[in-house]
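Multiple structures are listed underneath, in structure tokens.
Both of the next two complexes hold chain A, though its partner changes from chain B to chain C.
And then the complex of A and B:
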């Protein structure tokens, strides 16, 4: 498969949030400020890339040769949890200032379904190593793009007069609906 | 005080106010993605309920011997094992449903409702109460999915249908809206977000009203 096509389709057309509804919790939770959205986005890119590539290697060289295909869910989730924990400790030791700004988002990423989704998807689609790397970077880039756009809109919305029942998350879902509608226009791109 | 309030509110009100999906925004990924028809919704609801009850029972029974530092990994392994069992069972007995739900069965592992209940309830309470809590949460989740998929299916396709998950044969199908009047965008992503927004707002409105009544009463 053409790598550029793969990148564009994973970032824009099959966008993980608007087309697949994966990673909704951080999308709603950390999108009230643009600054925290950028921090979360960067953390997610790093963790998804690292954890998915490691999961792919684990699958190809350990699980598949041994016929332990059915263990992949348990192994992947443990690997992700361990990777997140390790990243957290590494950042804490080497860059306390980065840890301060990212710190609270890191543990949250373990339960971000996007990480597990990318790890499982790479294996299910039968990607080779290069395609796995491209897909593992394209998906979180798409995630960050949406998160930042969404946070920008939500910041502007703050002072506006919204009906009481729609305050907070319901109005955010309406915005998401409009964004999804706008992004379906990109369907014919690739 | 809070117990009195819980008793005063019926199960129905509790379902709306403490709804894990529309009230607390837990487990929304799967709710948005698979609520295109009621078959998927019921299947997913039952799968999540089973995992939720069993994980609550297991987490609750090991709560006194789990070291505090590693309790999250322990819970995740328990949940992942249960999900693998449910996934394989569904693949064997309900292949159509398994095909329709696809990856979202595996993603039950990271469904916030399950880890949330393990952490907030089962790790602190005895086995019996935890099992009951799992059942209640599972029912709330299933009802939320069912309501949402009912709206999307009827508005989006105009047909209300139900099929047998074991054989894939249709049990009944009724056309409620003529074909030229259906809003096909309701089955797309946009429809999912819109339906969710309206239902969440309805829950919030009900909650606001109940709190206002409470204040008025005192």
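And then the complex of A and C:
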């Protein structure tokens, strides 16, 4: 598959939030402020890329040669959890400023099913190493894009007169639905 | 033999996670970051482990 096609497809057309409805928890939870959304998005990009590439290497060089395909789910979960712990420790030690902006979102990412989805999808689709890297960057970039757009809309909504029954999460779900509908227009792009 | 490999891999990964978890919790939090809390108050999941952890310091949210 063409790498640009793969990137555009994973970012816009098969967007993990609006097309697959995966990772909805941080999408709804950390989208009230643009600053928080950017922090969360950057942390997700870093964790998904690192965890997915490590998972792919573990599968290709350990699990597949030993015929232990059925172990991939439990192994990937453990690897992702270990990678998040390592990342948090590394950031704590080496970059306090980065920890201040991203570190707080790392425990949230451990429970983000998008990370596991990308790791499993790379293996299921039979991607090679380069395709795995591209997909592992493209998916969280799409996640961050949607998160920031959504947070921008929610910030602007605060100044508007929303009916009492729709305040908070109801109006957020309606916006998410409209965004999902809008992004279906990109289906024929690739 | 195949099952032995499976057990060994699982034990290795669990040990790795356990070791990193302990090391991470031993690492001191940088100065000025002691009272950080996630801005995830818009989420309504009350039994989320992250939410419970920060419940004492969270001053917003739906719960």
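By definition in this document, the second predicted complex is superposed on the first by the 190 of 190 C-alpha atoms of A that agree within 3 Å, B and C clash if a C-alpha of one lies under 4 Å from a C-alpha of the other, contacts with A are read in each partner's own complex, and residues count from 1 in each chain.
To be clear about the criterion, a residue touches a chain if its C-beta (ideal position, glycine included) is under 8 Å from a C-beta of that chain, and two chains touch if they have at least 3 such contacts.
Here the structure is a predicted model, which means the values were calculated and not measured.
Engineer: Give one of first, second, both or neither to describe whether A:26 is in contact with chain B, with chain C, with both, or with none.
Structural biologist: second
Engineer: Taking the superposition as given, does A:68 touch the first partner, chain B, the second, chain C, both, or neither?
Structural biologist: second
Engineer: For A:180, select first, second, both or neither according to whether it touches chain B, chain C, the two together, or no partner.
Structural biologist: A:180 contacts chain B only, not chain C.
Engineer: Examine A:99 and indicate which partner it touches, taking first as chain B and second as chain C; both and neither are also allowed.
Structural biologist: second
Engineer: Just chain B (first), just chain C (second), both, or neither: which does A:157 touch?
Structural biologist: A:157 contacts neither chain B nor chain C.
Engineer: Scan A:130 for contacts with chain B and chain C and give back first, second, both or neither.
Structural biologist: Neither partner.
Engineer: Pick one for A:78: touches chain B only (first), chain C only (second), both, or neither.
Structural biologist: In the superposed model, A:78 contacts both chain B and chain C.
Engineer: If you stack the two complexes on chain A, which partner ends up touching A:57: first (chain B), second (chain C), both, or neither?
Structural biologist: neither
Engineer: Give one of first, second, both or neither to describe whether A:36 is in contact with chain B, with chain C, with both, or with none.
Structural biologist: A:36: touches chain C, not chain B.
Engineer: Overlap of the chain B and chain C footprints on chain A, residue-wise?
Structural biologist: Touching chain B and chain C on chain A: residues 25, 28, 71, 74, 78, 81, 111, 168-169, 172.
Engineer: Show which residues of chain A lie in contact with chain C when the two form their complex.
Structural biologist: 25-26, 28-33, 36, 62-63, 66-68, 71, 74-75, 78-79, 81-82, 85-86, 88-89, 92-93, 96, 99-100, 103-105, 107-108, 111, 154, 168-169, 172
Engineer: For chain C, which residues count as touching chain A in their complex?
Structural biologist: 2, 5-6, 9-10, 13-14, 16-17, 20-21, 23-24, 27-33, 36-45, 48-50, 53, 62
Engineer: Tell me, which parts of chain B touch chain A in their complex?
Structural biologist: 25-26, 28-30, 32-33, 72-73, 76-77, 80-81, 83-84, 87-88, 103, 106-107, 109-112, 115, 185, 188-194, 196-198, 200-202, 204-205, 208
Engineer: Contact residues on chain A for chain B in the complex?
Structural biologist: Going through chain A, the ones touching chain B are 18-25, 28, 70-71, 73-74, 77-78, 81, 110-113, 115-117, 120-121, 124, 163-174, 176-178, 180-181, 184.
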